[in-house]
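Each of the next two complexes has chain A plus one more chain, namely chain B in the first and chain C in the second.
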Partner chain A sequence: MFKRLFSLVLVGALAAAFFPLFAAIGDRADTSSLAGRYLDEGPEALGSANLVTSVIVTYRGLDTLGEVTVLFAASAGIGLVFSRMQPSPATRRTSTNHPPSELVVTGAGLLLPLITLFGIFIFVHGHLTPGGGFQGGVIVASGVLLAFLSGTLKELSHGLLAALELCAGAGYVAVGLLGLWLAGGFLDPRFLPTGEIGALFSGGAIPIIYTLIGIKVGAELSGVIDAMRQRRVSP
Partner chain B sequence: MTLILLITFGVMMIVAALVALYSRDIVSAIIASGVVSLLASILYVLFGAPDVAMTEAAIGSALTTVVFLFAWSRIRGIASQDDSTDGEVR
Partner chain C sequence: MMTQLLTILAFVLMALGVWGLMSRRHLIRIIIGFSLLDTGVHLLLVAFGYRSEGTAPIIGSGLGAEELVSRAVDPIPSALVLTAIVIGLAVTALMLSFAVRMYARNRSIYIEKNKELKW
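Up next is the complex of A and B:
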């Protein structure tokens, strides 16, 4: 009883602490000087129509590289833990082995190409529309999940996943280094022509970086899903 | 109008979070916590942050829910295995 009362008080205190943040949600007319500079100079300097993307990939590019590294470490950890939990013969016998339902199989046939295409669209158009490498990669991975659930995909080649991840990660750093040598600094995308705002080939190397991040995130999360799912063993 | 939507979705989020906390059925609790994320992503769209909304919808409500469901099904699998083999240590 006392414990519950204490947690209620704690929730109330948190709500009171964050209420000023919520009350000020309407008036965000003034920006800090740094944000103002990004807003003023960002579109012209980088040629990227989606300003959020130019901040994530260019101005805060190093942070994004760190984020990708964290995700890699997390997925490697999950792979390590679950590789030791291979199903024993006992699990093989007891594991529930329902075939996927007709509804899932038919729906997957219709939806899989659309989901994959949508994911690829999200990360290729990261500099034009909301979204980018992380979101697109997760959507592609959810397509892989649907393929597993419907039985369209039985096994996922770990060699292929590792190769995709390796190439994308190394490519990301290589693009960053190209920026260091040919343009203003590490992860500066302006060593390619920035082009016209709103065109598919614009924003310098931003689409390349986001495509690489998309491939990497998609491969990592597909690996996580593959490691965690209950193996469908044929009886 | 935005305020009404904000209050509606906020109340729904709190209800879903309470369901996630107090539900007896683990699967319903997992789904309810996914609903919290989904409603949060709708709020992000309302306040003009589609990038964050997309991340929240894809990771918070889709992937996390799936990972939790997988984890729960594996825990159940291990439990039933222990029952059937009298706690054989692997």
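Up next is the complex of A and C:
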């Protein structure tokens, strides 16, 4: 009873915090001055059609490097949590008793190449269309999940995953350092020609950085799926 | 108008999330409450970036480079929310793995069965 009341009070406090916000807010006619500057100078300076990508990869590139690090820490934590749990032999047996259904197997054969291709498309075109490395990586990882569910993929090579993650992460930092060396600062993508807005090879190193992020996120989330798949708790 | 509607929606999601976090005892439901709270915060941030008659800040056939300053929405909250979504995903996955671990240890998915968390 007391706990219920406490929850209600908390929701009420949230409402009280929101009310002044709600009362004062209206549709803005203008963006903030910082955003105005990004919108004004961004396309010409970086050659990327997607301004959100410009902000993520370049203007706030260091944040994104931190974000990738947090994602890595979380996936390492998940790996650690599940590595301590031994799969019991009883559940091993029951899990092999249920082969994937015909529909899943046939559908996976048709969809897997398309899903993987779509994921790669999303992260390669991150500077042109909505999307980018994180979204593309998640799509590739969902393809890996489907491969596991359909039995197309029985075992995922941990060495391959670790190598992909290592190369992508080190490549990301290396591209950042190249920016420091050849262009204006850390993670500055302008050491490569910025090209024409809207072309695939434009935006300097932005597509390269987003491709590396895509590979890293895809490998990390595939590792998470693999860790969660292998360990089961006996009922 | 749009921003206010989105603020209300964000509040509803966050209130549901807080309620779920506080009143549920099932670990998975607590995590779902956390996800709702997370989504509410994302929605609120995106709502702050909206401007009237705004469109996505992506140069294409619908939006020329010269129209960007006058018509595009604020790209910074969108970028922040993208970061927040990824971190939210990572945190949710970590919480779920802790939930599995707690279930394996305590043989119960209900939070009050976990003596270590009593205060």
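One rule holds in what follows: the second predicted complex is superposed on the first by the 211 of 235 C-alpha atoms of A that agree within 3 Å, B and C clash if a C-alpha of one lies under 4 Å from a C-alpha of the other, contacts with A are read in each partner's own complex, and residues count from 1 in each chain.
Quick note on the criterion: a contact is a pair of C-beta atoms (placed from the backbone, for glycine too) under 8 Å apart; a residue touches a chain by one contact, two chains touch by 3 or more.
Because the structure is a prediction, the values reported are computed rather than measured.
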> Thinking of the overlay built on chain A, is A:A16 touched by chain B (first), by chain C (second), by both, or by neither?
Replying inline: neither
>> Between chain B and chain C, which one contacts more residues of chain A in the superposed model?
In response: C
> Should A:A24 be classified as contacting the first partner (chain B), the second (chain C), both, or neither?
Replying inline: neither
> First (chain B), second (chain C), both or neither: which does A:L110 touch?
Replying inline: neither
> Looking at the overlay, does A:E67 come into contact with chain B only (first), chain C only (second), both, or neither?
Replying inline: second
>> Is A:M228 touching anything from chain B or chain C once the two structures are fitted on A? First, second, both or neither.
In response: both
> For A:G77, is the partner it touches chain B (first), chain C (second), both, or none of the two (neither)?
Replying inline: second
>> Quick check for you: in the superposed arrangement, does A:I122 touch first (chain B), second (chain C), both or neither?
In response: first
> Should A:M1 be classified as contacting the first partner (chain B), the second (chain C), both, or neither?
Replying inline: neither
> Can you list the residues of chain A that touch chain B in one structure and chain C in the other?
Replying inline: 25, 50, 52, 85, 130, 132, 134, 138, 224, 228
> For the complex, which residues does chain A have touching chain B?
Replying inline: 25, 50, 52-53, 85, 88, 90-91, 93-96, 122, 130-132, 134-135, 138-139, 141-142, 145, 221, 224-225, 228-230
> Touching chain A in the complex: which residues of chain B?
Replying inline: 47, 50-51, 53-55, 58-59, 62-63, 66-67, 70-71, 73-74, 77-78, 80-81, 84-85, 88, 90
>> Which stretch or stretches of chain C touch chain A in the complex?
In response: 1-4, 7-8, 11, 14-15, 18-19, 22-23, 48-52, 56-60, 65, 68-69, 72-76, 78-79, 82-83, 85-87, 89-91, 93-94, 97-98, 100-101, 103-104
> Given the complex with chain C, which residues does chain A contribute to the contact?
Replying inline: 3-4, 6-7, 10-11, 14-15, 18, 21-22, 25-32, 34-36, 38-40, 42-44, 49-52, 54-56, 60, 63-64, 67, 70-71, 73-75, 77-78, 81-82, 84-85, 128-130, 132, 134, 138, 197-198, 217, 224, 227-228, 231, 233
